[in-house]
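In the two assemblies presented below, subunit A is common to both, partnered first by subunit B and then by subunit C.
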Partner chain A sequence: MLLDLPSTRTEAWRWSDLSALPEIAQRAKSGVVPTALPWIDCGSESPRLVFVDGRYDEARSKAGPIQIGRVLASAPDHALARLAGQQGWSLKLGEGHAAPGLIQIVHLTSGAADHLAAEIVLEADAQASIAETYMGEGWTNRLTVIALAKGARLMLNRRMLGAGGFVSLTDRADVGEGASLTVATLAAGGNDSRVDSQINLSGQTAFAEIGGALLARGRQRHDANLVLRHDAIGGASRQMWRSVADDRATASVAARVEVARGAQKTDGVQSLKGLLLARSATVNLKPELEIFADDVKCAHGATVGELDRNTLFYLASRGIGESEAKALLTQAFVADAIDRIGEEAVREAYATDVINWFSQSSLVPSEVEGRS
Partner chain B sequence: MTDIRNREAQEAADRASTYEWGFSSDIEQDFAPKGLNEDTVRFISAKKNEPEWMLEWRLKAYRAWLTMEEVSWAKLDIPAIDFQDAYYYAEPRAKPKLGSLDEVDPEILRVYEKLGIPIEEQKVLAGVEGARRVAVDAVFDSVSVATTFRKELEAAGVIFRSISEAIREYPDLVRQYLGSVVPQRDNYFACLNSAVFSDGTFVYIPEGVRCPMELSTYFRINAENTGQFERTLIVADKGSYVSYLEGCTAPMRDENQLHAAVVELVALDDAEIKYSTVQNWYPGDAEGKGGIYNFVTKRAICAGARSKVSWTQVETGSAITWKYPSCILKGEGSVGEFYSVAVTNNRQQADTGTKMIHIGKNSRSTIVSKGISAGKSNNTYRGLVRVNAGAENVRNFTQCDSLLLGDQCGAHTVPYIEVKNPSAQIEHEATTSKISDDQMFYAQQRGLNAEDAVALIVNGFAKEVLQQLPMEFAVEAQKLLGISLEGSVG
Partner chain C sequence: MLKIENLHAEIDGKQILNGLTLSVGAGEVHAIMGPNGAGKSTLGYVLGGRPGYEVTQGSVSFEGQDLLDMAANERAAAGLFLGFQYPVEIPGVSNVQFLRTALNSQRRARGEAEISAGDFLRLSKAEGEALGMSMDMLKRNVNVGFSGGEKKRNEMVQMGVIDPKLAVLDETDSGLDIDALRVVGDGINRIMRQPHKAVLLITHYQRLLDIVAPDFVHVLADGRIVRSGGPELALQLEREGYGAIAA
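On to the complex of A and B.
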C-alpha cells in the first residue's frame, strides 16, 4: 500500500515523524497473543473485547452492548484517519441507559498495520465508561467518532503500552447540551504515537476534559494534538497534559481552545507541562487560544523544566537514592494528570503503568537505546 | 450597563474614526516602470549607483524569489497580491538647489512638519533646554531625503547613513553584514525585499561607543501604487549602545499598498541595541477598504557574549500586519526582550509576535505581548521559544494578554515552546479578558466619561510595554493609542 503521509513541513505535523510508518507497515504479523492480557481488575463481569491485528477475537471476548461490524465513521480530511475504513466496533446506548460496568477493549497489533473505526453514540442521559489498551509492535491506526446527546456522559481511557511500533488515534467528538466527555490518555510503552482529538462542545453548558501523560524515552516520539471547540454558551473545558522526555525522546502537545462567535461565558483552562530528564530530550508545547467572544474566561499556562534540585537534595538527605528520588518526583509530576481519572480501578492501573515504566528504565536502558 | 457603554463607545468611534496622517502630498516624483522583472531590479540598482556586487546580490535574490511561494500559516486572510501592478521605485524629483537642508524639496519638508518630525536640526535645537536630541533619517517612498546631525554623530564615530549611501561609502561593512541575519531566501517577502529594496538606514556604532543621541528613521509612503521596501541594518560593535526609533505613516488611499521591510540587527560582545517601533501605517477604512499590507521581517543576532537586544513595538496601523521581531541568542549570557502592544480595529488583521532562539549558555529572554482587538478585527500573537540542546540555564518568561472590546472581534494566541535542554526554565502565561463592568463603574463614578475610562484602562493594560519606549516615543505612542481607541471601542 502506498502511503501519502504529511511531512514535518506541514504546520499541523511539524512535531511528528511518520517516516517509520511505511517500514512498520511492512513488518510481518506474528499473530501471537500473550496469555495474560492487561485487563483492569474492576471487580465485575463487565464486557471485555480483544482485537488481534484489527480482527475481533470472539473466543477471548465478551462483547456486551458493543456491536462488531460496519460503522459510520469517516474523517476524509485526516491523513491517517482516512485509512481507518468502515469496519470496527460501535456502542449505541438509548435514552437513560448505562453500560454495564467498565467496557475494556484490548487492541493487539503483532506486526504490520491495522486500521479500525469505532462509533460511540449515547442518547440523552446515557452513560458509559470505556478503557482501551494498545499493545504489540505494529502500526495501530484508529478513528473514533463520538456523539453525546443532552446530558450524556462518556469516560474514555486510553493506555498505550505497546512494545514498539506506532499508535495513531484520531477522535471526532460532538458534545451536546449539558453532556460530559472525559478522555484520559497514557503513553507508557515503547511505541511512538500521534493523537488527534477534535472535540466540539456544540450544546450549552457542555463539558469536556482532555488530558493525559506522555512518557517517552530512547528515541520515542509522542505527539498529541487537541482542538477543543466551544460553539455554544456556557461550555467548560479542561486540558491537563504532562509530558516527560528522557534520552533522545520527544514529547509534544499542541492544544487549542477555540471559542466561536457567540459562545459567551466559556470557561477554558489549559495546563501543559513538560519535564526533561536528560539533555538531548525534547519537549514541545503549543498552548493555543482562538477567541471570538468577549465574555469568556480562558487561561493557559505552560512550563518546561527539569526536576527541582532542592527537592532532589532534600530526598538525598533523607537517604533516598538518586534514581528512586527521580522516579518519585516524576511520578508526582505525572500524577497531576492521572489523579483526575474518576474510576478508581482505572486510576490505579494507570499509576501502576507509570511505575512499571520507571522500573523498565533502570533495568533495560541499553535495549531501549538500541531502538531506532 | 455593557450595552450602554458599547453604544456610547460606538458613537465615539463613529465621531473619531479618522486617520489624522491620511493626507497625501503633491510632489513630483520619478517612478520606475510599473511591474517587476530583472529590469526593475537593474533600474533600482542603477538609480542608486550601486557597485556590481550589490546588483548581483539583488539579482540572485530576485531569481530565488521567483521559485518561492507565499506562506499561508499565519492567521491572516491575505487577498492575492498582484506584484506586477505596483511601482517598485518612486523618488521625489530633486529640485536643483544648493545648501544642505535646502536640497530637500520644501514640499517634503512640509510633509514632515505636518507629521511633527524634526528633520531640521535648528528646530530640534530650539527645543526645551536639556531635552534629548534625536537624529532623524527620513525615508520618503523609496529614498532617504534627509539625515540630520551627521557631523556630531561622526565625531563620536557613529555611522548613520541611508543604506544606499552606506553601500557606496562603506561597502565592506555593508557587505559583511547584509543578509547575515536574514538570509535572502529566509521567506517570501524578505526575498522580495532583498531584490528590490530601495532605501533604509545603516547604523554602525564602533567599539565602546555609547551613541550620543537617539537615532530615528521616519518612513512615509506617499505615492500611489507604490510598494515600500526598506532595509535597515544596525551593527553594534563590542561594548556599544544605541537606541533606535522607527515611525511610519501613509496617506489614505482606497487601494492596498505593500510594505515589505527587512531589519537586521547585529550585537557583538557586551553591546546593546534598543529598537523601538511605532507603526501607524494607514489601516484602511471602517469597511476594510485600502490600507497598507505590512509584511516585515525583523531579526537580531546577539552574536557576542552578554549582548542585549530589546524590541519594543506599538502596532496600531496597517490593514494586515505580519511581523515577528526575533532574537537569535547566540552569545553566552545574551539577553533578548520583546515588548509589544498591537491594537486592531475595524477590519484590521494582525499576526505578530516573536521568536527567541536560545543557542548560548545562560541566555535569557522576556516576552510581553498585549493584544487589543476591537471592531471586526483579528489579533494574533504567534511566538516561538526554542532552547537548543547546548544552551544551559536558559530562562524565558512569556506573558501574552489579550483584551477584547466588543463581541465581533477575535483574539488568538499561538505560542510554540520547543525545549531540548533540561536546565531551561520556561514559563508561559496568557489571559484573555474584556474591560469589566466594575472597572468602568469605578472610573465613571470618578467623573470620567466612558471613552476616557476605556482609554485609561487600556493604557493601564499596555503600561508594561509603553514604559519600555524612549521618552520621545512614549508620548507619541500614548497619544496614538488614545486616538486609535477613540475610534475603536465598541
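On to the complex of A and C.
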C-alpha cells in the first residue's frame, strides 16, 4: 500500500513522527500469540475478544454483545483513520441495557499494519465499560465512532503496552443529553502513538472526561490530540493528562475546549502536566480554549517540570536509589490521572502497568542509546 | 564508628566547613551546638552525601569505610540516617509506600531478603504507635499537610522502621511541643541508645539534652569544632551563650 502521510509541517501533526510507518507496515507478521495475554482480572466471566493482526481470533474470544463484521464508520478527513476501512467490531445496546461486566479487547499485532473500525452505539440509559489493550510491534490503526443517546454511559479504557511499533487511535464521539463518556488512556509500552479524539457534547448537561498518562523513553513519541466541543447548555468536561518523557523521548498533548455560542453554563476543566526525567527529553503541552458563550466556567493549566532535587535527596537519604526514586515519583505524578478511573480492577491494572514500565527500562539498555 | 578528619566543604564555591575534626564511637551520643549559620546542617548534608556539597579536603570514615566515596543511598544502606531540619513533602507517595520502598532498597543493597507485607505493616504500625502517629497518618502522603511537629515525629518513625547504626539528627527538637519533645526524646533513646549504635544530635536547646543525655557536647562555629566537653558544656552554653565560649 502506498501511504500518503501528513508531514510535521502540518500544524496538527507537528509533534508526531510518522516517518517509521512505511517501514513498520513492511515488517513481516509472525502471527505468534503469547500464551498469557494482559487481561485485567475483574473476577467475572465478562466478554473477552482478541484480534490478531486485525483478524478476529474466535477461538480465543468470547464476544458477548460485541458483533464482528461490517461497521459503519468513516473519517475521510483524517489521514490515518481514513485507512480504517469498514471491517471491525460494534457494540449496540438498546434502551436501558447494560453490557455484562467489563468488555475486554486485546489488539495484538505481530508485525506489519492492520486497520480496523469500531462502532459503539448506546441507546437511552444504556451502559457499557470497555478496556482495550494494544500490544505487539506492528502498526495498529483504529477508528472508533461513538454515539451516546440520552442518559447513556460509556467508560472506555485504553492501554498501550506494545513492545514497539505504532498505535494510532482516532475517536469521533457524540454525547447526548445527560449522557456520560469517560476515556482513560495509558501509554506504558515501547510503541509510539498518535491519539485523536473529537468529542461533541451535543445534548444538554452531557459529560465527558478524557484523560490519561503517556510514558515515553528512548526515542519514543506519544502524541495526543483532543477536541472537546460543547454545543449545548450545561455540559461539563474534564481533561486530565500527565505526560512523562525520559532520554530523548517526546510526549505531547494538545487539548482544546470549544464552547459554542449557545452552550451557556458550560463547566470545563483542563489540567495538563508534564514531567521531564532527563534534560534531553521533550514534553509539549498545548491547552486551548475557544469560547463563544458568555456564561461559562473554564479552568485550565499546563505545567512542565523536573523531579525535585530536594525530594530526590530525601529519598536517597532513606536508601532509595535514583532509578527507584524516579519510578516512585513518576507513579505519584501520574496518579492524578489514574486515580480518577472508577473501576478498581482497571485502576490497579494501570498502576501495575506504570510500575512495569519502569522495571522494563532497566532491562533494555538500548533505550539510552544516543545519550552522551 | 565515625571519624571525621580535617573536613573542608563548600557549596556554590562558598567555603562552609573549615577543617572539622570529630570522632564518634559506638554507644555514644554527641550533641552539636552552635550559632545559626555555623555549618551544622551543612555537616549533616555532607555526611548524608547531598549533591552540590563539595568536599575539598579531609576525610570521613564510617565503620572503616570511606563514607565520601559512597552515593547517598549507599550511605543509608550502610547504616547512616539523616534526620532533616526541614523534612520534605512528597505529594502522591504515602508514608507506608515510601518507608517500604526505603527499607527494601536498603535490604537489597545489603544482600538481604525484602521484608514481607505483613511484617512491614506490623513494624510500621508499632513504630507509629510508639511515636503517636496513627495508621491513618501513615497512609497519608509523606509530610503533606503535616504540622511542623508532626513532620519531626515522622522523621523518628522513619528512623525506627529503618533502624540505622548512626543517626545524624538535625534540630529534630525544633517545632515540637513539650509533650512531643518527650515522645521524640524517648524515641531516640529507645531506638538509638544501644551499644552498637551512635547519635550525632544537632540542637540549640538543653531541653532535648535533658531527655537524651549526651556523652559529649561540641560547639561548632565557623565550620569547625571550637570546643568539646561533657554534658556540663551544654549547661554552660545555656547560661553564657556562644559569645564567651566560641571566641
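Everything below uses one rule, namely that the second predicted complex is superposed on the first by the 366 of 372 C-alpha atoms of A that agree within 3 Å, B and C clash if a C-alpha of one lies under 4 Å from a C-alpha of the other, contacts with A are read in each partner's own complex, and residues count from 1 in each chain.
What we mean here is this: a contact is a pair of C-beta atoms (placed from the backbone, for glycine too) under 8 Å apart; a residue touches a chain by one contact, two chains touch by 3 or more.
The model shown is predicted, which means the values in this text are computed figures rather than measured ones.
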(message) As a test of reading the superposition: which chain, subunit B or subunit C, is in touch with more residues of subunit A?
(response) B
(message) Taking the superposition on A as described, I'd like to know which of subunit B and subunit C A:Pro287 touches: first, second, both or neither.
(response) first
(message) In the overlaid three-chain picture, which partner chain does A:Ala332 touch, first (subunit B) or second (subunit C), both, or neither?
(response) second
(request) Would you check which partner chain A:Ser317 touches, where first means subunit B only, second means subunit C only, and both and neither mean what they say? (result) second
(request) Name the contact category of A:Ala124: first (subunit B only), second (subunit C only), both, or neither. (result) neither
(request) Would you check which partner chain A:Val33 touches, where first means subunit B only, second means subunit C only, and both and neither mean what they say? (result) neither
(request) Could you give the residue numbers on subunit A that contact subunit B in one complex and subunit C in the other? (result) none
(request) Using the touch definition up top, name the residues of subunit A that touch subunit C in the complex. (result) 308-311, 313-322, 324, 328-329, 331-333, 335-336
(request) Give every residue of subunit C touching subunit A within the complex, in rising order. (result) 48-51, 71-73, 75-77, 81-82, 84, 87-88, 90-93, 97-99, 101-103, 105-106, 109, 158, 162
(message) Under the definition above, what is the set of subunit A residues touching subunit B in their complex?
(response) 11, 261-262, 264, 274, 276-306
(message) Using the touch definition from the top, list the residues of subunit B that touch subunit A in their complex.
(response) 73, 75, 387, 389, 402, 404-432, 434
